[in-house]
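Worksheet: the structure to be examined is printed underneath.
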Amino acid sequence: MRVPMQFLSDNAAAVHPRVWQAMRAADESDSPYDGDATSVALDERFSDLFGRECVALWVATGTAANCLALATMVQPHGGVVCHEEAHIEMDEGGAPGFYLHGAKLLLARGEGAKIDVDAIKATIDPIRDDVHQVQPHAISVTQASEYGCSYRPGEIAAISELARDRSLGLHMDGARFANAVAFLDCSPGEAAGPIDALSFGCVKNGGMSAEAIVFFDTVLADVARYRRKRSGHLQSKGRFLAAQLHAMLKNDLWLDNARHANASAAEIASACQERLIHPVEANELFVRCTADEREALRKQGFGFYDWGADAARFVTAWNTPDNAVRALAKVISRL
Amino acid sequence: MRVPMQFLSDNAAAVHPRVWQAMRAADESDSPYDGDATSVALDERFSDLFGRECVALWVATGTAANCLALATMVQPHGGVVCHEEAHIEMDEGGAPGFYLHGAKLLLARGEGAKIDVDAIKATIDPIRDDVHQVQPHAISVTQASEYGCSYRPGEIAAISELARDRSLGLHMDGARFANAVAFLDCSPGEAAGPIDALSFGCVKNGGMSAEAIVFFDTVLADVARYRRKRSGHLQSKGRFLAAQLHAMLKNDLWLDNARHANASAAEIASACQERLIHPVEANELFVRCTADEREALRKQGFGFYDWGADAARFVTAWNTPDNAVRALAKVISRL
Amino acid sequence: MRVPMQFLSDNAAAVHPRVWQAMRAADESDSPYDGDATSVALDERFSDLFGRECVALWVATGTAANCLALATMVQPHGGVVCHEEAHIEMDEGGAPGFYLHGAKLLLARGEGAKIDVDAIKATIDPIRDDVHQVQPHAISVTQASEYGCSYRPGEIAAISELARDRSLGLHMDGARFANAVAFLDCSPGEAAGPIDALSFGCVKNGGMSAEAIVFFDTVLADVARYRRKRSGHLQSKGRFLAAQLHAMLKNDLWLDNARHANASAAEIASACQERLIHPVEANELFVRCTADEREALRKQGFGFYDWGADAARFVTAWNTPDNAVRALAKVISRL
Amino acid sequence: MRVPMQFLSDNAAAVHPRVWQAMRAADESDSPYDGDATSVALDERFSDLFGRECVALWVATGTAANCLALATMVQPHGGVVCHEEAHIEMDEGGAPGFYLHGAKLLLARGEGAKIDVDAIKATIDPIRDDVHQVQPHAISVTQASEYGCSYRPGEIAAISELARDRSLGLHMDGARFANAVAFLDCSPGEAAGPIDALSFGCVKNGGMSAEAIVFFDTVLADVARYRRKRSGHLQSKGRFLAAQLHAMLKNDLWLDNARHANASAAEIASACQERLIHPVEANELFVRCTADEREALRKQGFGFYDWGADAARFVTAWNTPDNAVRALAKVISRL
């Protein structure tokens, strides 16, 4: 049975009707793998979206997107700088170790699960430039971050400059990229910045089973194609993944969905401003509250995760009902 | 544009309406990953089907199913005996090397892409029992084979006995398992035989994006769960994969679909018996014909792959139209 | 040109004359790989040493020893708990990621680069028992630690009990095991404690190119044999490695060498007690001193490494000359 | 006990006295890893030898040399073309799968365990240029081959041209490169030809534990340095490996040793010309003889391996005694 007022996660929310429609329509074709017109059109579609040439590959999960992207930038003996609470470090079951053949995650710290130039330098500068220590090959940032914080274009630009100086690849985990763009109110190209590859999220935002790996360094895409097949992620009916992505991009559905989720989060945030651990810059709230308070919330039908001993995490989605949002805002403001 | 009379492959055929229905229904739930009731019910459903306890995990592709299954049986320094034209050797882009961390495929020969006890022994007996040579850890058979031939229950039993004698795991690639069961006209349990794990195909048989890995040695499933996540194959909306599998099993849709495909293949086969390279025991035909003959067929609107210089491969599917079958049978009989 | 008074490291010190003798004697045989009598006798020799059955395999480096040992305990999707400054984390160029096929190092903290039960629990207890997070499969401790601190038998016993409770393998990096035994003044079996495998160091202690992996869980050795060959560490003239190990063990040369190094370190330590960052329980000293003081020391001919901005590391070896020790003690006491 | 007249293999033969001398002399230094003058001088020494710039890294075994070299040319999703009886395929315990992270060996056929342009094309041309099949990234040839046959300079040049046309790396396994050069009576540079990397053998030719990886494409060496450490092959007393290589090259000891071994093989060959399965172009003989004949030879004190049911393999070494050679030649001619 569905929790009535669910703020557990956006990762299993319903599929948007227009995504369903597009998938049904895709059944007309029967070109296998990524040879169908829908899949082929992704490159152009994403190039339009970002205002520069790119190559886009569908995959079923964010974990696969992140790891396939990174595998094009990082040799097995190298490392990836990321935040110590990044999804690739915390929640992907060691997938980077698998896809990168044992390459290492080099952890950096930062408020709101964001990293900056200083944090990255603090991680990589102490690494001796010799064969005894794993050298960095790439940086991965998360837009929006695991704590729902969004990088400003200038922040990405600064990291990108460092990456270029040090000859490092730059990857962006955009599982919630839509929420960041909606929050930043800028173009997708500005929110992504000068990066090499982006995991463009769709599943958390009304899709079913499709994410895109968007390669701005298009040479990398050729490697990713082989690695996608090699990891069992080249689906023979890939048209159904491509269709989801097109549906999301069409008429800015992806932004509409994200705006709804963000607005829902903002409404709740405004009701508990003093309890917020991180600024709410996407669709996640990290709210200080005691075990008793959480118990009280759950009794009233709200679903969410504990976040350590003294906080709760609430996530809104494209389909979070307005009345659930209002209800939560009301209750939480009176805790 | 769709080829009018398509016999290229079954791997991109349309999705069956009852699969669509089940997927739509699954949208009601929002339990993430494999925690939804539909996913949880798979173990029982497959245990019923096979008449013995098993654990079933969904994944999106046959490549992932095969490799995750084998990864539970084979250490990185070991090897897998398979036919030299097995899918894992020929068509998975090196996925076994990736998933098995460099373990080796040990190739055996056999008519119709089937292997038997003698062929397996011919492959493994010359391997010196020392650290200089890769030792076999498992055997993989394909039911039905890449050439559309089905193993008889006694054949599997003999291989299974050898596997037990040599302490080898036994995996069955059942991308077209339904077609084999339909052809053999036996129970699924008999068609699978005493094996450790089965890749139970669904995509080629009217599904969209779900295969099942069925573990009869249920201990192996625990490892596979971790490896599935680690390979990015644990979808957060896994309920849509589980739903496809349930839809296929319900009221024997999987068998009905396979029977149609098999009957279509049989009808064509009966029209060109003397040209057949392999017995038609599933939904694939390998037909001797010259380049000119193939050209003639294509001009009349038939789609298929060349198979070397002197043959063509035709594959039928759950939705191959009867009139296309009749048309091909007629034309091919007059070549 | 050799630094006159070298305290940089013990890792490149001269080879002991008795090791040379044993190597020359080994040239008489020409049995390949590990089939020679010298290699074969290692199991018995180490079983005698530790007072319980074990299997010993030679390899050329400590990195190979550590990683081959761990590879027998840790699946690719698992993790190894170790100190955050352990050699496997800091100084092996990512070798654990390579040998363990992407398994993860799970870092714990502790004084003197030692970990204890609480530190291990602090690392592993927060790991959710689900497929999204890398589960621990083994623990690795270093005896003596990277900071020259030795685990007391009771400390190892406590960790071992935890390992047993949690079904974790237990490995000991004993690159300087001799120094720990010499310091603890106990039997080798007591210094190792109830562990599954030990990397028994020899190169830093007067050997040339041989370490032993000692498996107390002898089943693990069978896997290690295959992995040793697979990693290119099975030398065809392995008799020269076996000979080094036998020479070290004969008449307790290994302990005599370690005692000399430890005594040298102790003598220096007693001259700068108030500057010591860690207790000196082996052959390494970490000494607070300014850049100017280090400059002064170097001008007087002493070789050593800076240890951060405010300290220096001095390492003594089996052949550190007494006059160099006395000279350093004298100078350092007057800084 | 040593077999009196040993023709089993050259891989465990005694170490040459001048190698011992050089090793003893190397003990004077105590620079760690490959920072000693002896190691550093290898690049220049090998550049002189081959008459063109190269970078040379020592490693302990041929397996490590081959695999580290190939790892610089082959991505994990690629393949290496080699003879179906190449050492990397048959005798390295799956090491290429480990070092190349699951890349595949693509097997070619050829007389005398040599491959040529046609054989390579027969292997790679049928590979469809798509992601479903493993694409070749490199070619590996063995000089002299596993059957003791030497490639003529023109043969290598032709393969090299193909490699260049197809953008493939080219590696030479030169475990018995010295024997090939001695047989061909040409310069080392001619015997190697235009390749990217050579595994330069030393252990089988009077060394103890050192082979060189010689990179003619010097960019590759930088990757190999990291991979060498990562695989545990960077010995801290590497000076002893470097010393062996210098000793072998000094005054052409390597060629003198190989010439002796070759001459020994030639003398035996001339006594059983009609029985030879392969031309004798190095230091190995493959001789047709019945089980009874082999039994007779063994009774007279000759040590050698059976080679299948109807043949024997004899290998000579740098130190094979002339009287053993004469004795074998005599006996074998009378069989």
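Each chain carries a letter (A, B, C and D) given by its place in the written order, and its residues are counted from 1.
Just so it is clear, contacts are C-beta pairs under 8 Å (C-beta built on N, C-alpha and C of every residue); 3 or more make two chains touch, one makes a residue touch a chain.
Computed from a predicted model, the values in this text were never measured in an experiment.
Touch-path distance (fewest steps) from chain A to chain C is 1.
The greatest centre-to-centre distance from chain A, using averaged C-alpha positions, is reached by D. A comparison of the C-D and B-C interfaces places the larger number of contacting C-beta pairs at C-D.
One inter-chain figure worth recording: chain B and chain C are separated by 50 Å, centre to centre, where each centre is the mean of the chain's CA atoms. One inter-chain figure worth recording: chain C and chain D are separated by 34 Å, centre to centre, where each centre is the mean of the chain's CA atoms.
Residues of chain C in contact with at least two other chains: 76-77, 92-94, 97-98, 101, 131-132, 226, 229-230, 234. Only residues 2, 6, 8-9, 11-15, 20, 24, 27-33, 59-61, 63-65, 67, 92-95, 97-99, 203-204, 208-209, 226, 229-237, 239-240 of chain D touch chain C when the two sit together in their complex. Taken in their complex, chain D has these residues touching chain A: 75-77, 101, 131-132, 135, 223, 225-230, 234.
Of all residues in chain D, only 76-77, 79, 90-94, 96-98, 100-104, 131-134 touch chain B in the complex they form.
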